[in-house]
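Common to both upcoming complexes is chain A, partnered first by chain B, then by chain C.
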Partner chain A sequence: MKVSYFPGCTLKTKAKQLDDYARSCAEVLGIKMEEIPNWQCCGGVFNTSSDEIATKLSAVRALSYAEKQGQPLISVCSACHNVLKQTNHAMQTDAVFASRVNHYITQPGQAAAQAYMGNTQVYHYLELLRDIIGFDRIRDAVKKPLTGKKIGAYYGCLMLRPSSTMKMDDAENPRIMEDFIRAIGAEPVIYAMRNECCGGYVTMEDPALSQKKSTAILRNAEANGADFLITACPLCKYNLDKNGNIPVVYFTELLARALGIVEA
Partner chain B sequence: MQRIGVFVCWCGSNIAATVDVQRVADAVRSEPGVVFSVDYQYMCSQAGQSMIVDAVKEHQLTGLVICSCSPRMHESTFRKTAQLAGINPYMVEIANIREQCSWVHKDIFIGTQKAITLAKAAIAKVNLNTPLTSGESKVTKRALVIGGGIAGIQSALDIADAGFPVDLVEKEATIGGKMAQLDKTFPTLDCAACILTPKMVDVAQHENIRIISHAQVEEVGGFVGNFHVKIRKKARFVDESICTGCGLCTEKCPQKKVPNAFNLNMDHHRAIYIPFAQAVPKVAIIDPDYCSMLKNGKCGVCAKVCSVGAIDYQQKDEIIEEDYGAIVTATGYNPISLEKYDEYAYSLSKDVITSLEFERLTNAAGPTQGHLIRPSDGKQPHTIVFVQCVGSRCAANAEKGKEYCSKICCMYTAKHAMLVRDKYPDTEVYVFYIDVRTPGKSFDEFYRRAVEEYGVHYIKGMVGKVIPEGNTLKVQASDLLMNKQLHIDADLVVLAAAIEPDRSARPLATMLTASMDTNDFFTEAHPKLRPVESPTAGIFLSGTCQGPKDIPETVSQASAAAAKVIGLLCKNTLKGNPCVAVSDEMMCNGCSSCANVCPYGAITYESKEFRMPDRTTRMRRVAKVNPAVCQGCGCCTVACPSGAMDLDGFKNQQIMAEVDAICK
Partner chain C sequence: MEKNDIQNTVKEIIRISGVNPKKCIKCGKCSGTCPAYDEMEYHPHQFVSMVDMGDIEPLLESPSIFKCLSCMACVDRCPRGVEPAKLIEAIRSVKQRMQGSNHMKPDDIPALLDEELPQQAIVSALRKYMK
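Let's look at the complex of A and B:
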């Protein structure tokens, strides 16, 4: 099966492992991730300002490309995923917004000369694993199960919320990452702070605040016995790495280890 | 041809101020069929009514049009007047020129024009009216009460005291319901068991009450006065008529690990058990999911120790069929599942409990003998946080929770807080609230005592997150009055979960064809004036199945429902509403459209032989309306694609005549 893939800026720079392992694991699991040509930065969380369409154009171009290919659109980064899904939801439900955006992207000289009709399905890579491939099949494909490892899933805030739009999992009691951890043979550690915010971009303006948020998360994970944490978000990893001692790794890296693509 | 009299009422100045009543009377005088018309100050008064009677005699009237207030107000009055004057009561039509005319218009010209139009429409209809007679049906003098909580108990006792036999059906092994699980009751703090269990004994001993426990209603047929009900009494594997309730079997049974539902699974009982010491009927029951005799045919200890031989492993479900004149629903409530509220860490920590679990923890007959200890480590909590409105008062389009206020949580939380401070004065108690709602007799005084005398910390604001860490529960909340974030290290968190109707209510409502609201609470016939009756005749509502209620309110409603049942059962026969649907068999093709829309289950089908033009006979399926069940709502007449269904008193032709008169 072929899917359209939107990597995002950070995955090309700081979070290269997240990107590499996502691709190689997908290949092993029978999914071909076709990177969208000429993709642009999704705009990060800044584009959630609701009165501006310009910041959403990049997401719409990606959605439109995937629509043309007739493929689902996959992203790995929590922030990109959030922007893509929210923009897709707005294009599907807000007719005024959709017509303004489509009017803009179909202007002569624009890269995507085709209007976006709202038919693309956006998946997070975890959703791809759960809904398209299936955790059962992953369990079967695992060559080196991570038996005995106690892993805390760290969701952060952007992956699940707003849950009415993201439709990924219960925002207060999620289980998709825990099921993933079980699928690769390890034991999930469930702790209350797993869906709290790490401080996000506030770290640039008020590092003390994001330090407070991040340490509270790490302390709670440690108190519940987690050996290390997994995340899908480069910014979360940055904040957690900076403020604590528990190792934080990308979930794709663990998947690659379990599938035997890389040595531990 | 009808001879119609038109009577235009002034209603003092209520109508006359905005409608020129004399002009109305003059304008309709030349309408077809009208032979007499007059206006008068108060048509409903004694003098007004005799004026109508006299006019009927003098002008040999066959139909009446009263231009007055809403038919809800005085239709029955004028129907009686008509009967007195010797005409069929259904030859009377009301033109509502008060609520729908004079009260809503300010301009006398417009008001008068509209009144004339409304009067003409009513005249057009009376021209087509035919005399109607009510049918009669017999009343079975026995009542069924579904649900054996305090609501059902009270209704059953009141009906039985009036001399009518009552069957009380309870799905659990004992009656008592939620109230039996409570510790103290607000606002007087008397113990729930002390006031409930004597009533349970009264039920058991009442000569007119039969308790059918561990049972459920399976099928309901018939109609008001004549319901036919099938009840499945599930096997309890103990002969109720022999068991003495000695409890020996419940001590000897080797299977000790059955979660105790009465204590909300906070401890265990044996596979054969009596739900609690004051259970009624006080008879043991075997849980077939845990009994090794029933599962693999090995054991039989209870049968060996039972001195009266009451154990019966072969017992089967029993079907009880009975006729009833009236049915009371008292199916009660349950706290909502807290699955979707993991911000409060209910599934993560044993020390986050619901208020109902708290009741069991403080109850002397509960799993801890009334010692308030943490379920996780058995230690006494020193800081307790109560969270109100968990799942109540949520936004209409929210993804989880109920839109309504659960009504009882403010008071029981105040009670819990007070009990804790009374028994363990060194405990810090915090209550987080959105609003404190205490509108009941002695309720606000009760809450104020919690704050002022017992020193409970009431904080306006909600808890955002509960984080279990080590032995503490880190509570993150906001104080809206101080406008700041709070962090409290608690030992125990108690969640006041919203309440919702019991899951058995929805299928029951379908069987009873009783209507429900979107939250699955039974709806009442009128929210203010008929609060204990379902719109479906013969079904009465008792307790929280109709909406959230505390005990005093539940008991009042239960007695009110009983009074309505007694009023019904006192009658030997019932007069039906003659304005019911009738099906024209020649036009009906048996398509089921009418039965699908009928809210009362009044329509059935039968196969009938019809003679064809070529002298052969053919069987055809045709609709048949049971006039005793039909409420005359008219849904079927609209749904019928072939126009076979019509409503007596509101025939399609009559409605069209009214419309024509208005559009002319």
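Let's look at the complex of A and C:
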């Protein structure tokens, strides 16, 4: 099966491992990730103001391209996924917004052929694993199970919220990452702060705030016995790495280890 | 701001946020769950009630609009679906669309960089802090 893939700015720079492992694991699991040509940065955050149009056009272009390929759109970064999914939702539910967007992206006289109306299926890579491939098939494909490892899933905010739009999982009691951890043979550690914010972009101007938030998350995970944490978000990883002693790794790296693609 | 301007700006904030402050039952759950609560001068529940009262000038001038993490915890946990973070975002948008109101500029970025900082942080901050 082929899918359209939106990597995003950070996966091409600071988080290359997230990108590389996602592709190689998908290949092993029978999925070909076709990178969208000339994709543009999603902007990292979705502005919830309904009259904000221009900042959402890069997401619409990616969604529209995937529709033309007849493929679902996959991203690995939590932030890209959040922006793509929220933009798609706005295109489906806000006719005025969709109309204004289509005035930007269609050529005169071509509106009917070129307009995008929110029909692309948007998946986070974890949803690809759960809903398209299936965790059972991943369990069967595991060559080197991570037996005995106690792993805390760190969801953060962007994958889960706003839950009415993201619809990935129960936002207060999620399990997709824990199920992933079980599928690769390790033991998930449940801790209360797994879906609380790390401090996000505020780290740019107020590092003390993100330090406070990240430290609380790390202490909570440690107190519940996590050996390390997994994340899908480069900004979460940055904030957590900076403020604690528990290792934080991208979930795709663990998948690559379990599938025998890389040595531990 | 002139009285007329205030009234029109309140209308704009309500329109672009899609939030109806009248739905609020003042339970305080939004502020109780807010990860930036300690850093805020005005808290999420106050944003809702002050917009409802038309008292927006203090909000437009407050650093609190730049403390919201957009984590959407208040949006998800509000029992009435008021969505305070969307109101705060609208106020921040309105503020930054005014002349000379950018909170961060590209020229500020080099001094804030470190070796590990992901690009995602920079683009996100500029989207939140600049028009």
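Things worth noting here:
Note that the second predicted complex is superposed on the first by the 252 of 264 C-alpha atoms of A that agree within 3 Å, B and C clash if a C-alpha of one lies under 4 Å from a C-alpha of the other, contacts with A are read in each partner's own complex, and residues count from 1 in each chain.
Definition applied: a contact is a pair of C-beta atoms (placed from the backbone, for glycine too) under 8 Å apart; a residue touches a chain by one contact, two chains touch by 3 or more.
All values derive from a computational prediction rather than experimental measurement.
When the two structures are aligned on the shared chain, A:17 is found in touch with neither chain B nor chain C.
Number of chain A residues touched is higher for C, counting chain B against chain C.
When the two complexes are overlaid on their common chain A, residue A:223 makes contact with chain B while staying clear of chain C. Looking at the shared chain after the overlay, A:114 reaches neither chain B nor chain C.
In the superposition on chain A, A:163 contacts both chain B and chain C. Judged by the touch definition given at the top, the superposed model places A:69 against neither chain B nor chain C. By the touch criterion defined above, A:215 reaches neither chain B nor chain C. In the superposed pair of complexes, A:196 makes contact with chain B and with chain C alike. The interface of chain A with chain B overlaps its interface with chain C at residues 163, 172, 196. Chain B meets chain A in the complex at residues 339-343, 345, 347-348, 399, 465-470.
Of all residues in chain A, those touching chain B in their complex are 163-164, 170, 172-173, 190-193, 196, 216, 219-220, 223-224.
Looking at the complex, you find that chain A touches chain C at residues 8-10, 13-15, 41, 43-45, 47-52, 55, 77, 79, 157, 160-163, 171-172, 196-197, 199-206, 209, 212-213, 233-235, 237-238, 241-242. Chain C meets chain A in the complex at residues 15-18, 35-36, 38-39, 66-67, 69-73, 75-76, 83, 85-86, 89-90, 93, 104, 112, 116-125, 127-129.
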